[in-house]
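Please find the structures below.
The two complexes that follow have subunit A in common; it is paired with subunit B in the first and with subunit C in the second.
Then we have the complex of A and B:
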């Protein structure tokens, strides 16, 4: 999904032929992608190279010198209680947020799409969390989930149920953050699914019905689900990367506590770099983080892409 | 009206005169020195710093002092200085968290103030008592001067105490009483909580319990932990009792402040730096009262000091002199008075503390601010751990305290783990 390919593809046919006549086919492509390539080099590859170099040093922010220490930073990670907790928590968080936020979004999208009215209203309502500022919303969550004055626990108390300490107990904190993550992601996924649904040709449903797909479920399984494939792949990738990148809610609500129970990868990177000033170690964790993101994307595109047929 | 005519000579004289007047300020400017000053947490310090700057400029017009953009937190402030150190563009004076001065001293950024102080002669006349100087003495150098100090105090919701039938005059002088009160407030139900001791965040509040027992963080040579003795265990056991007997909840982030402002928390133990904001958020909801920290050991007991200290970063003698003038003024009885009136921190100048002409009226009108100032004789520096893992050590301690707060480990287990983990993070030899 490189910008270069997209740019070349986006060219109108007439421009393509004119460009071809001047510098030849391959040359034109390179020429047209040149700005994107330069931007990519400067903005992404160069800083990445810097991070890569830093990861093998013991450089500290503000320090005047550094040493090359090989893979020591990576060896340290395996012994680092905080890092291991942060990997584990990030994985659990992803497995909680990704399926739930995609499942709920799909369900809501189909319901809204099927509904006769109020489409715009529901779309706006569920999209609100996406456009609201996480840090500001975190304050609202903090109040809602407050152990003694929060409305959630007030309701539970009224019903005679237990009142968990949502953000203060290490048994609940990850789940609470997960629920907030689902809430944040559902709206975004919903809009993507709605776009995907409207792109499915109506006549296919008619055709399916003629061919004997009488129930709503069989129409979903035969038409909606397979044709939603490309959207789904995109939604999975986006939600996955958004979940791996969770930071704001953790930083504002729990600061990784109690006792690392809600420490996540991005916060560890931030903490190591800007709190402890260990730039080298922080860079090394960033590389691990990048490797994970890349691996996830590769697995998804390779495995799932094969089974998807694009309309 | 006669027409004015100028001869050539006259014209030249006028022009020369004009040139001279234009040139004059340039001469004056060359004599004055420009310095930049940096501070953090404008939400708390802006008014105080602006007042100090205004008074300073009036008194020393020859120094052109200006603030660089203040940073939102101490952490950001430390980052800014480290970044500036790398590019050689540091502000000449910087106010940093008292426990971060050590790092700047160890990295050679904070200049030693001892020679500048030596030139002043009698330091007592300036109000710099040995205890106050000690707040800025780290790594064998006088790397800073305390500007604003805080210590932990008690906040009470008097209405809630009354509701729980606690009417005895005066405040709990002991933790036993606090814990007993907490039990009774919690028994009211309806989400009421008896107490919160603000142990998360950093090691500061834990050190209040440790110092309260007369304990210390590390040994004198700073080669090994010293908190793993009887005092440390007693401190952890006290925290354990707050949870076990007092039913202390595990509040994350600022949940304790919210519960307190909502009138659902009876007793809260936090820094005095928040007196102003807590009083504002409480408003007239209930009767708020502050008091001293419950005394643990009346003889050996001490309390940690938080707050900000000023350091000088420039090595240039002329700039250093100007920077010193500013820092000296900010920490003078006059500067301290401006700081106290605008923030609520504890004064860091002995004369401002002792001489009633400076702050007596203020404290009479603002009794909530008295608690911290009455504890000044007990204040010892917020311990800054040596070496590169200085800040990480505090996190390790907080992580271990969480295990007690959640009742997942005994004080004995936690103490042993904490000692082992901190030992790994301090430099091998002094």
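Then we have the complex of A and C:
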């Protein structure tokens, strides 16, 4: 028996068994993943390709033919006042809801974390809007904000202040929807912040105090704020993507009105697609929506990467 | 957690701020319940008293139940949510196990597709899916409500992370006992995956119970309305003027999930924010 053959023989059982396990694993693995792969293809990948293709056509649902029109849909958007209003409103809504819901959530999370009393109670109360049916709660807000019979204006009237038509005037409607959005999002962000806060080692606060950080504020600036950084960044992105997708409250309360003053991206997609059946145009707006969501996430990963490098 | 709990007096400012905030959060719920038992003339008096002079509980809730089949909507909501959850778990758990514990060619590519899927909001695919369901004659069906969500890449991602942490010995031992990969998934892996499975279940049910966008697109038939669509339907029938009945309708459809939440707060909070914590 040659050495080489001996070596091969010695290796063979292991090799063979590894080979078999790879093949065996392979067969079983593909069988195990097959249902998910089929569902993924049918429900995500093919429709995604479909949207990409539709966006460059003038296809109208129910029509028998369509033309490839290149980037015409995108050029049309720039001239479409509803779409431009929709983009502007979505951006304003985001810049209203994101900072407010995050700032309030952070403040409340720090207050909850600062003591033992009522912790579970407050956490549950603030979280309640997250699990409540948005359409139902929007209806409750509609009553609260009703210009003549609503309690909010009744209070304002009692105080001798002006009584805006919260959801009916184009000056106020976006802010009213924004306030409802803040109310909805605070609890979600709060719970994320609480998780971030509990992860900060207690000793650091003691150490900061020894180092001369006597006031609560300086301890916050020295310890809480820097260590909460990653959580904060993540909460910003989550709230951002949630706000970009605002639809339920707008559809329930204002349907984009008055006069497009509360038209938002998802509603424009819905309206152009399923009301006017302009599928090509709606698909093009969908791509803009997708591009914005992806851009936000890309910024997130970039920032997180940078943080890891110096962190 | 803290041992140095301050005295109640020193704690008061903190509690006061929290109570004011809690009060603001609860205002819509309180008024929703209050108005749902008020007769119409008292609603229109626009007073700030919460309790009605004359209780209109039966009047308002009775009107809702006569006008729209609330129970049907709630049952539809349950069928859709649990149908989605069933398929999500059925498809995601075996796939996640394969991605976490098996060596096979193409695994990295498959995982790449999972990561790609995580970036795509489901609203993106609505138009082609609608065309597909129309072509298949499946608009206005439970299938149309359930099928688009059967492949949850988030579930695959989550379970994969969870399964990776399970010891390999567990699986090796099961193989020695002569178990095939399928029985390993359902009899060894799943019993060890309950924390992840419950958290995901709550996340999924909350998301789909509250969804309005997709049901609004594929359902026109009243008998298939989901709870969220039910209120919209009631509003359009009612022209939105009878606030007592409208609030009663809102209360009825919001109640199931809110009550479930009050019974299992910790699990709910874990489940819903899991997306966040895993990031």
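Convention: the second predicted complex is superposed on the first by the 257 of 311 C-alpha atoms of A that agree within 3 Å, B and C clash if a C-alpha of one lies under 4 Å from a C-alpha of the other, contacts with A are read in each partner's own complex, and residues count from 1 in each chain.
Note that in this section a residue touches a chain if its C-beta (ideal position, glycine included) is under 8 Å from a C-beta of that chain, and two chains touch if they have at least 3 such contacts.
These figures come from a predicted structure and were not determined experimentally.
Colleague: Residues of subunit A touched: more by subunit B or subunit C?
Modeller: If we count touched residues of subunit A for both partners, the winner is C.
Colleague: In the superposed arrangement, does A:283 touch subunit B (first), subunit C (second), both or neither?
Modeller: After superposition on chain A, A:283 lies in contact with subunit C alone.
Colleague: Report for A:216: first if it touches subunit B alone, second if subunit C alone, otherwise both or neither.
Modeller: Neither partner.
Colleague: Applying the document's definition of touch, where does A:61 land relative to subunit B and subunit C: first, second, both, or neither?
Modeller: both
Colleague: Regarding the shared-chain residue A:254, is it in contact with subunit B (first), subunit C (second), both, or neither?
Modeller: In the superposition, A:254 touches subunit B alone.
Colleague: Using the superposition on chain A described above, determine whether A:123 touches subunit B (first), subunit C (second), both, or neither.
Modeller: Second partner only.
Colleague: In the superposed arrangement, which partner chain does A:274 touch: subunit B (first), subunit C (second), both, or neither?
Modeller: A:274 contacts both subunit B and subunit C.
Colleague: Is A:148 in contact with subunit B, with subunit C, with both, or with neither (first, second, both, neither)?
Modeller: both
Colleague: Is A:33 in contact with subunit B, with subunit C, with both, or with neither (first, second, both, neither)?
Modeller: second
Colleague: Need the overlap of the two footprints on subunit A, from subunit B and from subunit C, as residue ranges.
Modeller: The answer is residues 61, 142-143, 146, 148-149, 154, 252, 274 of subunit A.
Colleague: Can you list the residues on subunit B that touch subunit A in the complex?
Modeller: Per the stated touch rule, the residues are 75, 79, 81-83, 85-86, 107, 109, 191-193, 200, 249-255, 258-259, 262, 264-265, 388-389, 391-392, 398-400, 402-403, 405-406, 408.
Colleague: How about subunit A: which of its residues touch subunit B in the complex?
Modeller: Against subunit B, the touching part of subunit A is residues 60-63, 142-143, 146-149, 153-154, 157, 165, 167-170, 173, 252-255, 257-260, 274-278.
Colleague: For the complex, give me every residue of subunit A touching subunit C.
Modeller: So the residues of subunit A in touch with subunit C come to 21-22, 25-26, 28-33, 35-37, 39-40, 42-51, 54, 61, 104, 108, 111-112, 114-118, 120, 122-137, 139-144, 146, 148-151, 154-155, 158, 183, 186-188, 191-192, 195, 198, 202, 234-235, 237-238, 241, 245, 247-248, 251-252, 266, 269-270, 273-274, 279, 282-283, 286, 289-290, 293-294, 297.
Colleague: Report the residues of subunit C in contact with subunit A in the complex, numbered from low to high.
Modeller: Touching subunit A: residues 1-2, 5-6, 8, 11, 14-15, 17-18, 21-22, 24-29, 31-32, 35, 43-48, 87, 90-92, 94-95, 97-99, 102-107, 110, 113, 117, 119-121, 123-132, 147-151, 153, 156, 180-182, 185, 206, 209-210, 212-213, 216-217, 227-228, 231-232, 235, 240, 243, 246-247, 249-251, 253-254, 257-258, 261-262, 265-266, 268-269, 272-273, 275-277, 279 of subunit C.
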